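Same chain, two partners: chain A is paired with chain B first, then with chain C.
What follows is the complex of A and B.
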């Protein structure tokens, strides 16, 4: 189906009637304490009339994972002492639509589904939210300097597991770029929508009155990532033999253990469980945790199997690129580039993937000189 | 999606059921054993030897403990005072309500152990999980061969389950019990020395024998080395591990060793299985 860009707001308004529609909204950053220029941010928020929907250009800094897996989620209430009880807190059952997530983020949700739905136990909190969410994925039109999803085996313009796939239509006209003056395609102002599941079909039915049937339109599919890396297709198996490799000492040097990479990562799902008390009553909640923190694995009595940032970062990279493959059959890095963009110490997982792909797995010493100088990203 | 597990709370695996502690027993100066029942006086669930329970003191915290024993209408966990939660546990009185969920993890390989002689080795509080298997073997005595139990504690007062270790178990049929303490004391006339060297001193024969081993990490490591030196095979030595855990169902991430989760794929591993995993124990 074809939806004209000018009708997007109308479509979102219709969809908002019986679901909360999370879309990438552009908002002015209110806190001006650090910046004197107006600054904008883009994040997934409930759509409301008049909101600026930013489907183009860069992806959101924060992935949309919190719609399915909130950063803080209450699990149950309890009371101690007289009249003690434990009472489950069930997530609200309002249907949600995740509108305009990129293929990298869709693929991340597939990984989270594997974690929370398989291996003996189903996580009922995640399951409840997941079942109520319909996902409209948006193919990328261009990519950021840190995007490398196609090197990780993804297609930046297609998300096969979404409920609806949405792409901009290919333009036949061109115009001059207002900045550089060179010839660029002129936006013809339409989206092409395709339902991939029953849920997706039901969603499209709601907005069909705004749409027209497909004609000769073609989706923009010739997009490729800015960052190209040479990844060993068998890197997961190679890494499983590199636990003691000297590369770990080298790459973990800059890490300051802040945990930013895990919080902006669309596939990081680790959580902590803790409680908050109000007198004799209280609630148990879970919240995002980070394997980059020393507390994460520290046991009562002080023993810690991952005492330094070397063990912690090694576990993170190994989990993404090897352990997860072994357990669930796919890699846990989708190449979204968020951790590269946001790391205050400029650690770069793509650089690691490339170096690890090239090094001798048996090497006892590691030297940067083995690699040609790389362009600073 | 189909769920295939033995969880007592078949809907929400993170939700504990409210239970109560009906008895608190002081085992050593820093270990207490708690006898746990549901509020209506039943057994919370029926674990297999070596399985774990997530036990919580509401408002304080929740942690994974091995289930050291079970009866018709109770389960027991022995808890050493080590941190915030265990300190609080040591303050409770019988009647205290607690949250319990489980059982979690795999269990000792009962079928593999059947028909064999078994050497049980425990160090300190590490005897707690081993005890669940020892009790199973005594309850099904005809299904197992000769039993040896070797237990080491810091001193006599630190010996856990004193009635079992010093009185009851030595009386059991076809069973030898060896007890050692790290340091000598006036009231102790038994063996003095560390577990690994005592294993070698007794000189257990590996033929037809399986080993069930648990204790502090360093003791597991050195005891394994002793056993291998004496000719035991890695496939025949079973140990049980402990790491920090939060969810107990292989989701929250922290108790992994390589691609395995101790809460779900463990806690019981053979030395041969551990060899396949990264050295992060």
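What follows is the complex of A and C.
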């Protein structure tokens, strides 16, 4: 189906009637002091009338995973002593629509599904949220310099597991630009929507009055990532033999051990469980955890099998690129590039993938100088 | 005549090689290039060939001093390439008794400011502590008003200020990058990592984020060397330096001109008591 760009707001308004629609909204960060430069933030938030929906350009800093797997989730509340009770806190059951997520983020949800649904264990909190969510994926129109999903086997313009796949259409008519005189598209294009599941069909039915049937329109599919990396197709197996490789000493030295990479990662799913107590009452909650923190592996007696950032970062990279393959048959890095863009120490997982692909797995020594292809200036 | 950045880079590489050749140094911490022209990353050069990967340009923004904490009992010295801010960070670590001066070999490089907004307010471009200085000293910018932003912010009402910070801490993702990048955050174990004790909740919600933010600023307030790493590293762009600057401004108002990380062995002003300290509030 074809939806004109000008009708997008109307469509989101209709969809918001019986579901909470999470879309990448651009908001101005309010600053009454007016000292700061006006700053904009793009993140997945419930759509409201008049909101600026940012489907194009850069992806959100925070991934949409918290719609399914909230940062903080209360599990049950309790009281001890007199009148003691335990009461489960059930996630609210309002349907949600995740609108306009990129193919990389869709793949990351597939990975989380594997973790929370398979291997004979179902996480009921995740399952409840997942069941109520309909996902509309948006094909990328342009890619950022840190985007490398197509090197990880994804298609930046197509998410096969989404409920609805949405792309922009190629503009067929052109006109001369009034300023420069060069040829530009006559209109700002439309969206082409395709239902891939029953849930997706139901969603499109709701907005069918705004849409027209497909004609000669063609989806923009000739988008490719700006960052191309050379990855050994068998890297997961190679890494499993590289636990003691000297590369780890070198590449982890710059890491400052913060949790940025794990919290901006769309596939990091680790959580911790803790209590919040007020006198005799309290609640049990779970919240995101990060394998980059020292307390992640610290045991009750104080021993820590991953004592330094070397062991922690090695675990993170191994989990993304090898352990997950071993257990679930796919790589856990989807190539969204968020950790590359946001790492305070400017570490780059894509660089690691390339270097690990090239090194000799049996090597006893490792030097960065071996990879200096040209004089660094 | 001023050196070009290429010449300074060559001199840094030469000094790094000399340091390694002396046999007393295990590695030289500096910066190397990444795949993006406008980003460099911290780098440990451990061989002569790796010294040629060290770079010097306007994108060398990361602090280098804190890497000295990765090995608190080293067999050999660690060489650190230090700009003005890094040298103050090293002084900070020495004054806090976290590293020993004799375990460091400091290659000082005067810095004319990097691609980092905080550098506009820098008052110490030249390294204050070093073993060898590369290049020529640059002119210091004396009139930088480091408290202008705080003064403007103080004009808001308490409610407006609270509202502002509450919204900022709604954005915070609790990653602790500001702590880990900060040379004044040098505790062997941070209170926030002892979260089973109940000091600090692990949930990244407004309440816990604010607890962390307040605790952080009071812990580092009188030891902040104003390198701005906390603010630079924040993935959610919180204006964290505004808090530490407020602390420093109040300390300046109460105790007179005060700067941290200077070469004199001054104690943090809130960490010592003098009879003449102001006590009007009591």
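Assume the second predicted complex is superposed on the first by the 350 of 377 C-alpha atoms of A that agree within 3 Å, B and C clash if a C-alpha of one lies under 4 Å from a C-alpha of the other, contacts with A are read in each partner's own complex, and residues count from 1 in each chain.
Keep this in mind: contacts are C-beta pairs under 8 Å (C-beta built on N, C-alpha and C of every residue); 3 or more make two chains touch, one makes a residue touch a chain.
The structure displayed is predicted, hence computed values, not measured ones.
Room for both chain B and chain C is found when the two structures are superposed via chain A, with no clash between them. Contacts of A:324 after superposition: chain B is touched, whereas chain C is not reached. Using the contact criterion defined above for the overlaid structures, shared-chain residue A:122 touches chain B, although it does not reach chain C.
Using the contact criterion defined above for the overlaid structures, shared-chain residue A:360 touches neither chain B nor chain C, since it reaches no partner. In the superposed model, A:230 makes contact with neither chain B nor chain C. Using the contact criterion defined above for the overlaid structures, shared-chain residue A:250 touches chain C, although it does not reach chain B. When both complexes are overlaid on chain A, the residue A:86 reaches chain B alone and has no touch with chain C.
When both complexes are overlaid on chain A, the residue A:289 reaches chain B and chain C alike.
When the two complexes are overlaid on their common chain A, residue A:272 makes contact with chain B and with chain C alike. Minimum C-alpha separation, chain B to chain C, in the superposed model: 7 Å.
Residue overlap on chain A between the chain B contacts of one complex and the chain C contacts of the other covers 272, 274, 289.
Residue ranges on chain A touching chain B, taken from their complex, read 75-76, 78-80, 84-86, 88, 115-125, 127, 240, 243-244, 269-275, 277, 280, 282, 284, 286, 289, 291, 296-301, 303, 305-306, 311, 315, 318-319, 322-324, 326-327. Of all the residues in chain C, the ones that touch chain A in their complex are 6, 9, 32-36, 39-44, 46-47, 49-50, 52-53, 55, 62, 66-67, 70, 149, 152-153, 155-156, 160, 163-164, 167, 171, 173-177, 179-181, 189, 193, 195-196, 201-205, 232-233, 235-237, 239.
Interface of chain A with chain C (complex): residues 29-33, 35-36, 39, 41, 61-62, 71-72, 145, 227, 250, 253-254, 256-260, 262-264, 272, 274, 276, 285, 287-290, 293-295, 308-309, 342, 344-348, 350-351, 367-369, 372, 375-377. On chain B, the positions that touch chain A within their shared complex are 1, 3-5, 7, 11-18, 58-63, 82-86, 97, 99, 217, 242-244, 246-247, 249-254, 256-259, 264, 278-281.
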